[in-house]
Structure formats: C-alpha cells, structure tokens
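Across the two complexes that follow, chain A remains constant while its partner is chain B and subsequently chain C.
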Partner chain A sequence: MAVSREKQLSNGLYRFQRKVAPYGFILPGTAFYLMVTIVPMFMGLWMSLHRWNILRTRQTFIGLENYASVLTNPVFWEALKNTLIYTVGVVPVQIGLALIVALLLNAEIRGRTIFRLLYYLPVVTPLSIAAVIWQWIYHPQMGLLNAALSTFGVAPRNWLGDPKIAMFSVIIVAIWAGLGYKMVIFLAALQGIPESYYEAAMIDGANKLDLFRHITLPLLRPTTLYVFITSLISSFQVFGLVNVLTGGGPLDATNVLVMHIYRRAFSDYQFGEASAMSFVLFAIILVFTLVQWKVMGREVSYD
Partner chain B sequence: MRFKATRLSCIVAAALLIMSFAGGIGFAAKKTVVTHWQHHTPARAEMVEAFAAKFMQENPDIEIRLESIPEADYFSKLLPALAAGSGPDTFQIPAGQILTYVRSGVIQPMDVNNSAVRNIEKEFIAPAISRMKVDGKYYGFPIDNATVVLFYNPKLFKEAGINPDKPPTTWDELIAYAKKLTKRDASGVTTQMGLATGGYGPVILSLMMQNGASMWDAKAGLPSFVSPQGIEALKFATSMVTDSKVEDRAMGSRWNAFRQEKLAMVYAGPAMIGSFRATAPNLEFRTAEVPAPRAGGSQSTLLTSWAYVVGKKAQTEAATKWVAYLTSETAQKEWILKTGDLPTRRALLDLPEYKTDPLLAPCMDSMKKALVAPWTARALDDSLVRKAYELVILKGESPEAALKWLTAEGIKAENEQKELARP
Partner chain C sequence: MSSAVGARGPAWQRVLRKLVVYMLIIPGAILMAMPFVWLVLSSFKTLEEIVLFPPTFWPKSPTLNNFRQVFQMIPFGRYYMNSIYTAIVPTVVSVATAAMAGYGFAKYRFTGRNTIFWIILSTMMVPFPATIVPLFVMVSKMGLVNTRLGLIIVGLSSASGIFMMRQFVMTIPDELLDAARIDGASELRIFTQIVMPLCKPALATQTLFSFTGHWGAYIWPLIVVNSDRLRTLPLAIPYFSGQHYSYQNLISAASLMAILPVLVVFLFTQKYFVQGITLTGMKS
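And then the complex of A and B:
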C-alpha cells in the first residue's frame, strides 16, 4: 500500500528529530570545546615540533629536538621531582583528611553546619589572597606559626625561605586550600549510602570499625577513585599557589613543572620547548591516571 | 495621494537620519585611535591616565585607549596578542628586547618627522638610548629607568652613634656601619638588620661593575663572570649574610623591614622613593650614592630600563607623538615626582631643584655614572644572578663555583636571545 504524503512527512520529521536534530543541539557546545581544547592541543603539538618564536610568522621545523632537549635538561627533572614531591605530599594526605572530616561531619553533632562552612571557606577564598595570608602566617619573625611554636620552645624557622622546608610549607597550604572541596564530595557520597546497610550489619554484630571497613569504604570506592584521579591531575598542574607563595624559589626548591613551562614560554620566549614539556607532562599524567584506574578501578561498583 | 506623500516623507526622513549617523561615524573615524598597554602600578596607571587626558585635549584628532596590566600577567597577555595581530599600538618592553622585537617584525621605527625623535641623541643620555637604535633607526623612548642607590634611616644612624650626614663611602665603611646598626636579642635573634641587598640582581651586578669585573667576553660576544674582581664582589655581597651577618634573611622582606625601621640601610632602585612615601608616609629616610669598593673608586651601577615602542600596525605619526609625549621633559618631571622613575633627559639631570633635593640628588648623580649591561638576555639582569647569589648563601657553594654556573647559564640564555633576534 502506498504511504500517504502525510505519513511520509511525518516519518521524515521523526527521522530528523531522532537522527539529525540532536547533533544540532550539541553542535554549539562541541564546536566551542573543539575550538578551545582540541584545536589548541593539536596546535601545541605542532608548536612542539618547531623552534617557535611567537613573535614571528615563520617557524623552523626541528622535529623531536625540543623533546630531546627537555628530557636531557636537569632543570626539567628537578621541576618534575618537585612536582612529584608536591603530589605525594598533598594528594593522599588531603584525601585522607577530607574523608575523616566528612565522616565526622556526617554524624549528628551540634554546630556541624558551621563546621562544614568553616572547612569549605578556604575553597571559596581566592588563591592569591590565601597565599598572601599564608605568607604572613609563615613570616619568620612576625608570623603566627613561629609565634605559636615558640610557646613550645621550638626555634623560629624560615618557612618559605629555607630550601629544605619551603616545599613542605607549600604542601601544608595546598592541603588546607583543597580539603573542603573533597570533604563536600565525600559527604555527599556518605549521605548516599543507605542507612539500612548499617542497620543490617549492626544486627549481625558489626562494630563501628567493621561498618567502616566493610560498608563505608567499599561503597565510597567510586567517589574515592574520582577524587584521587582529579586530585592527581590538579596537583601535577599546580601553578598559582606556588607562584604567589614562593615564585618557585628559594633556589628552585619549589619550582614545579608548570611554573618551569610558563617561564620558558613567557620569560624566555621558548614556546616550542614549553609546548614539548606540556606534552611530556600530559603523558606523565595520563600514565599515572591509567595506573590508578587499573589498580583502584577494577573493584569499583556503581550499584 | 496624501498617503503617498506621507510615505515619501518618511522615506526621506529615514534616509536623512541614516546619512547623519553615517556622517557622524565617518567623522568619528577621522580620530586616530592609539591603544596603549603597560604593566601596572597604581601610581603609574594614575599618571598615564592624566597624561592621556591632557594629550587628547592637545590632540583632539587622537584617542588614547589605555590598558594597565599587572606585571605578572603582562607578557602572557602581550605576546599572544602580538602573535595574533591584535596587539596594542604602543606598549613597553625591556630595552634589551628591542632587537628581538625588531627582527620579529612586530615593532616599527618611530616617525623621523617627529622632532623628539630627530633630537633624541641630543636630548637623552647615551646609556638610556643605546639599545633603542637598530640599523640606524630609533624604535623607542626610554622609560622605567633605574640605577641603584643606598637608602638609609637617619634615626637609626643617630641611635647607633653614627652621623647621618655622613653615609658610608667605601665598602669597608659600609660593613663597619652595618655591624654597629645590627641588633640581636638575648637569644641571638636579629631584631634590626644593618644592611640588605636581598640578592637583587642589579645590586649584585652593580657591585661587580664597581669592583672592575668584566662580565663580558667581547671576542665571543657572550657573558663571562669568572674573574678575581667578580669573585671578590660576590663574596662581599654574600658575606653580609654568611660572615658579618648584618643581613638576616629570616627577617623576611627587606622592604617591610625598612618600612618598619628594622633595617638601617638597603640597596634599592630610586623608584622605592615613591613606594616608601606611599606605603610608609611617616618613615624618615635618605638616599646616598652607593659606596665604592675603596676610597676614590667607582660608584657606577647598572642601568636597567624599559622602552615605549610603536607596534607594527600602529599609525606611526600618532603613536610616535604619544610615546614622545610620555617621555617629554614635562612628563619626566612628573615621573620623578610621583614614582621616582629617573629622568634620562640631559636637561633634567642637572636641574637645580634636583641638585638641592636631598633624596633626588644622589639618584641623579647615579644616573650620570650608570652603565648598561652588554647582554640582552633578561634572565641575566636578575633571576640568574639572584640564583648564583643563593647558591652561595643557601647551598654553601663558593663564589667562584657560583660564577662558573652563572657564566654557563648566562651563555645559554644569551645564545637563545641571539637566536630570537636573528634576521
């Protein structure tokens, strides 16, 4: 039987709505994403294969010379070492503390809303302001920290001026600044665990530690994996906090990778090398993320 | 008929309206727009805004659009803008970078028909403009010129029994004064420093220059810092922290220490006059030329400067007029008064009002003795030198080893700069 004109149009409209229109809706967002993320990424890759002077229109192709130069540069390895120290210092401690605080603030205690607010305040404080405040806290002579420690007979330290402890000082600030955000994520996840699981376990004689080990932790695994991965990525990319607190000093003790990349690009005009370093950093982050996913992700259940 | 007439008159009125807008836009288009970028300080931004207002009154066919950018973000904004072709018409860059920008084709020579450009060599001191000239043409006017002088607190001098009218004139005298001016509490914690350099690159380089260190291999055209004079100068600077202990890094920022009268003497650029006045208005301080290594010795210091340049796409005449205005005699008098930026015009350096000003007179004298660095790599003006200094005081390296490191890194930086500036 021939299909009527009306039905043909209606089928066409249906196909358009199902097959074509969705692409139209996602097109602006996709185009924007391509323009600000994917295209610049490929441009960066192209730059990394050249001796790139941003002020000139013609550049010299040098192949992988920039990558060789990066991988044989001791300053790059020093910056990478500093970045790894920062990551190892910040990520597990921050996540551990965030989980503990979230567990405490998930309980029915008086004033828990105030506490949640206080823990979240550093997250909404602009980084530059927080860094300036911490510079004063860390001041060798007039700082709060040395004043507090002196009451216990501890000699004053030059927290940001001593290369041996400067990175430790930066790590403390980073943990303080990011704790609230992770706490909120854990809090939301904790509140998503059905109460009935705990009740059932308690009926079976489980104590608080058992509840934590066998119910809370496993059910938090997806959240923990997410927090771990995002913290890892952001700690490898640290820049703003270090820039304001120490500028990478003293004696490059806090010179992290992104800081080194920034300097090579905007102070030394070596955009090709800076791009190459960016891709090396990307590769490092990717490897760490994949390893993490493999180790932690296999037992993740979203049920 | 009546309807037709009404419709016709509406069309005519609309046409007239459109033409008047177009005419207005056309008239506005006759104004040349000059976009000006510079790095920001509150005092500087305020001054340039005032200059712009006055300039536009005197030049109604030119519109100045200003953008004052925090120094930390300045190059990360300027370089991509220049690369994209959307850069400003006039902007400031370090004087040593002019050759790089010329070879990259992003700036143009200033308008030779402008009298200030034609008379530049007659009116400006040679060290200030030596880097502005490339292939016989001038590409900028000098701005942000700084030497090094000694700031000191006369009140602390009197407390220590030192005559504040007789600041130190030699290195030995400087250290002797500094020792008298240094105070510690019962537990040995420094409560007042006698002297500080902060390891600031231009200060360390000035000490080397004064001591007769060469710092440049003329044959190779590359930095070379290892010499007995250079080693002695670096040792002198670092010994303030490690030996005589008149400088204590545990006291934090030397500027805050000076403001709080916990530091008696500090090497600094003349622009700190404006900074101290603005941030510590009750602070009593004086300036003096830097002490020489020995009696009758050199008091030269390093001259660091930036330049106002004209972008490739700017309208040459208007843009040159604007940057010439910013560095005119009148403008330079304002710069000195409000920001402490030193004048580079010969006529101003010997003005009686500056010769008799106790704060400005030593600064003007320092400008006459200032020397320009032979290198162009910016990192050699401060960051690398500061790191060499820190290698000695924080890592315990010898001054010779630190200068060997500085030479090696300086050669790398200078070679990179040469590559950037190749034709």
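And then the complex of A and C:
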C-alpha cells in the first residue's frame, strides 16, 4: 500500500517535472534572444513611422514620411551604389580565390596544415584592428605597399586618401580578411565528395581534367551557391572595416549603407529615418535570404 | 580523403603537380601573412626608425620598449580588462543558455515548441545592423548606455548557438536519458550529468566561436560606449591610432598584444574551428 502511494507520488512529481522542465530549459536563451531581436524589430518598425526624438516621450506619427525621405535622399542612393561596388568587388574575387586555395590545399602536400592556418589567420583577427594594420601598410609615405611597389618602379599612391581608389583599397582588405573562412567551407565540401566517385570515373577512363570538370565542380555547386549568397548578405552589412579604414571618406567615396544608417542615427539623431533605412536594408537582405532558401531547397546529397 | 587522387599517375607527373601547387600556394600564403609579419616587425622598431622614408623592413635595433611604453601612454591595461570582460561574460552566458535551450528543443515535446523554435530560426536572418538603432534606444531607456551591463547585454544569447546545440543534442539517444529517469534522476540532473558531458565537442566549438566573435566586437560597443573608461581593444586601438598616428611602433605593439589572445586560442584549437564552421555553415 505504502509502496504504491510512493510510486504514485513520484510518478505525479515526475510528470509535473517533465512538463515544466522544457520551459525552464528554453527560457533564459529564448528570452534574451527575443529581447534583443524581436522587441527591437517591432520597435524599429514603430520608430520608422514616427518623427522620433529621443528626448521627447510622445512621438508624432508621420506615416511613411521617413521612408520617403530615405528614398529621396541622394546620399542614400550614393551609399547603396558604394555598397554594390564593394559587393561586386569582394564577393566573386573572394569566392574564386577561396575555391582555388581550397583545391590546392586539398592536395597531399607537406605543410598543408600550416598553409591552411596562414590563410585562416585574418579571419580570427578583430576587423577594426586589422584595419589599423592596413592603414599603416597603405600609408602614402611610410607604408609597406608603396615601398614595395617602388622597387618595381610603380609611382606611390594615396591608397585610402584618393577618392578614386579608396574603395578599391577597402575591397583588397575585405578580400584578405574573409578569404580563409570561405576556404574552410570549400575544403569541407571537397572532403565530403566520396572517393569512390573518382575511382569509378577513373576505371571508365576519365583523366584528371574530366574528374575536375564532371565530378568536383558539379558537386561543389550547392556549396558555392551557399557561400555566394551568405557573402552577399554579409557584404551588405559591412561597417567596422570601412569605419576604421576611411570613415566613409574621402568625399563619401566609401560611404556604405550601414555607415549611412549609423551617421543618420548617431551623428544627426534622425532615429526615425535611420530606422526606416534599417528596414530598407533588411528588405534587401530578406530578398537574398529567400533566394537562398529557394535554391538550397534543391540541395544535392551524395550518399 | 579525396586528396588521394593526387597520388595517382606517373611519378614525374606527381612531382610536377606538387611543384605547381607550391608555386601557387606559397606566394599566396606570404601575401596573406604579410600584414602580420609587418605588424610584428614594426612593433620592434624604435620611433626614429618607424618614421623613416622609405621604410626599413627588418628592425635595425630591435627593442621591446614599445610593449612597455604602450601601458604608460594609454590606459592599455584597463582596455585589456574591458575586452576580457566583454568577451568572457557573454561567451559563458550565451554558451550556457544555448546548451540549455538546445537540449530543451531537442529532447522534449511541449506546447509551443515548434512555434518558438521557428520564430528563433526565422529571426536569425535579421541582420544585426538593421536592429541597432531601436536596440540603442531601448538600452538607453533602460539607462544602460555607458555601463558595463549595456556593453554585454546584446551578447547574452545566440540563436545560431541554440540551433547548433539542438542539432548536436538530437544525436544523443533517448534511451540513455530514459535509463537515467528510471534510476530516478531529475531532469536537471540528466542535463548536467549526462547530456552536457556528451556535448563537450559542441560546447568547445561554440565557446571558441563566441569568444573570438566577442573579442573583436566593434559596432555595438562603438554605439553603446562613449567614455574612455569602458573602451574595449577593438575601439581603443583605432582611437589610439587616430590620436597618435605617428607612433606607429607603439600602435603596432598594442595591436599585436590585442590580437594575441585570439591567435593563440586559434592555433591551439583550430580543429574545433573547422568543425564549427562546417557544423553551423552547412547544415542551416
């Protein structure tokens, strides 16, 4: 009698515990996350519809006026153009180089680990500090780059101070900084291709080039697409690197979207307009994400 | 694995192929490493040498003085402590909360589970720069601008961390947990004594990712902190560089010391990094 009561009690307690426990487990992480993501998202939407003044408690509703002033501001279009130039300059080159390096480092060569390490080092280096290092390399008089180029007879340039080439100089640093990350993703994909595929093709008389063209490249396609879209998404969010390297200058030549948002909010205190701009940025990135989901839906599995 | 392909063909072809690989990979590696080499060399130069035109490559009279002088010129020790704090606290909290949430989502059925998980997943694509303006307003209304709590508040949770832990915990067989339940273990005990020890590789990967990410955090600290007292290294070094541009030897010494922790951590744990990238990158 006593035993079964005890059993029942523990059973009830056990059930109660199993019902409550999951909420306890997910609560801290979910709550923190919602607080810094969902809440600001709705708040941003609300702010973007008001003439927002941080000092006032009541804000005036102005409908879509902020969105109109974003889209009629030539600086916004200039920033969008600069962001596009940056994206076009970084993404394809970086992916191409990362793929080549990954293919080379997938071969059995001595010191493979050390090479991988060297190519990956910039990825773990804080971007703003990397930017400071590069500023010094780019220095018109005392910089390493001009000194190195002068040995080949190339005239010195003001890499970050000349509006015509400042964006180019930023792009170089960005390619350097992110190459290793993409290399690792490609390496993982290469190692995921079963060896038996190559063996079967070899038996059928395929040569090295055939193997590369008809096995390696097609099987890398999903990875390349994935890397491509995520690169687009992250290059539209570039800020820290540019802010330290050029501060958006010279003559706004490197003023990118997030920098424009940053300036409108924290220099001009136009929080409503900055929020509206954030949503425009979000919309652009959303389009990329949706494309990614659509494309990745047809994922290839090679097992 | 697939690299065995490179081992086929006649011997001379293999040698030639390796030669080509080296000829491409070595110059590339030199270019990639050059900024670091230049940084290290510059940090050992004297002020007289660093301003020379054209610049010298090897330091003529190498000195360790710069590393000491940085601490006298700017409150470098304080910046360092601020960075340690802003990297470690969010790392510990976000890894712990992600492990708990990941376990909760992976091993229990409860009302709202799929909805909540779907919300977290779908908001992962919201770019951080798109929410910083309202986030700043929120944090400032809470009175947390220019405070230590304000500095770390956005890093206390990680959606990708929750996702990664869920994927990992799902691979742990239910029978293991049920066996512990029959033995009378509480849910909390199952989590801490059975699930967590099995999650060590995932926890390590996430800790490393989170630490390096927070160590380099730039945009949020830039917005939420404007007093020198709370500056972290990613803010302090560009600021120092802007203020004392000609002291490049000191800036280099400071930068080197600032990136050293992540470089060392990375060198000793690179295996986990590769694992982490493939885990988070490819399965999402």
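Keep this in mind: the second predicted complex is superposed on the first by the 254 of 303 C-alpha atoms of A that agree within 3 Å, B and C clash if a C-alpha of one lies under 4 Å from a C-alpha of the other, contacts with A are read in each partner's own complex, and residues count from 1 in each chain.
FYI, a contact is a pair of C-beta atoms (placed from the backbone, for glycine too) under 8 Å apart; a residue touches a chain by one contact, two chains touch by 3 or more.
Note that the structure is a prediction, hence the values are computed from the model and not measured.
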{"item": "Partners on chain A (chain B, chain C) - clash or fit", "value": "clash"}
{"item": "Per-residue contact with chain A, leading partner among chain C and chain B", "value": "C"}
{"item": "First, second, both or neither for A:Leu105, with chain B first and chain C second", "value": "second"}
{"item": "Chain B versus chain C as contact partner of A:Ile54, first or second or both or neither", "value": "both"}
{"item": "Partner chain in contact with A:Met142 - chain B first, chain C second, else both or neither", "value": "both"}
{"item": "First, second, both or neither for A:Glu195, with chain B first and chain C second", "value": "second"}
{"item": "Touched partner set for A:Tyr33, first chain B, second chain C, both or neither", "value": "second"}
{"item": "Contacts of A:Tyr181 with chain B and chain C, given as first, second, both or neither", "value": "second"}
{"item": "Which of chain B and chain C A:Leu209 touches, first, second, both or neither", "value": "neither"}
{"item": "First (chain B), second (chain C), both or neither touched by A:Gly161", "value": "first"}
{"item": "Stretch of chain C, among 9-17, 225-233 or 261-269, that runs into chain B once the two complexes are superposed", "value": "225-233"}
{"item": "Those residues of chain A which chain B touches in one complex and chain C touches in the other", "value": "54, 141-142, 243, 262, 266"}
{"item": "Interface residues, chain A side, partner chain B - complex", "value": "51, 53-57, 139-142, 156, 158, 161-163, 243, 249-252, 262, 266-270"}
{"item": "Chain A residues within the chain C interface of the complex", "value": "10, 14, 17-19, 21-26, 28-34, 36-41, 43-44, 47, 52, 54, 100-101, 104-109, 115-122, 124-137, 141-144, 147, 150, 176, 179-181, 184-185, 187-191, 193-195, 198, 202, 208, 211, 223, 226, 230, 233, 236-237, 239-240, 243-244, 258, 261-262, 265-266, 271, 274-275, 278-279, 281-282, 285-286, 289"}
{"item": "Of chain B, residues touching chain A in the complex", "value": "72, 75-76, 79-80, 82-83, 100-101, 104-106, 189, 249-252, 378-379, 383, 387, 390-391, 394-395, 413, 416, 419-420"}
{"item": "Footprint of chain A on chain C - complex, ascending", "value": "1-9, 17-18, 21-22, 24-25, 28-29, 31-36, 38-39, 42, 50-55, 93-94, 96-98, 100-101, 103-105, 108, 110, 113, 116, 119-120, 123, 125-138, 140, 153-154, 156-159, 161-162, 181, 184, 186-188, 191, 212, 215-216, 218-219, 222-223, 233-235, 237-238, 241, 248, 251-252, 255, 258-259, 262-263, 266-267, 270, 273-274, 277-278, 281-282"}
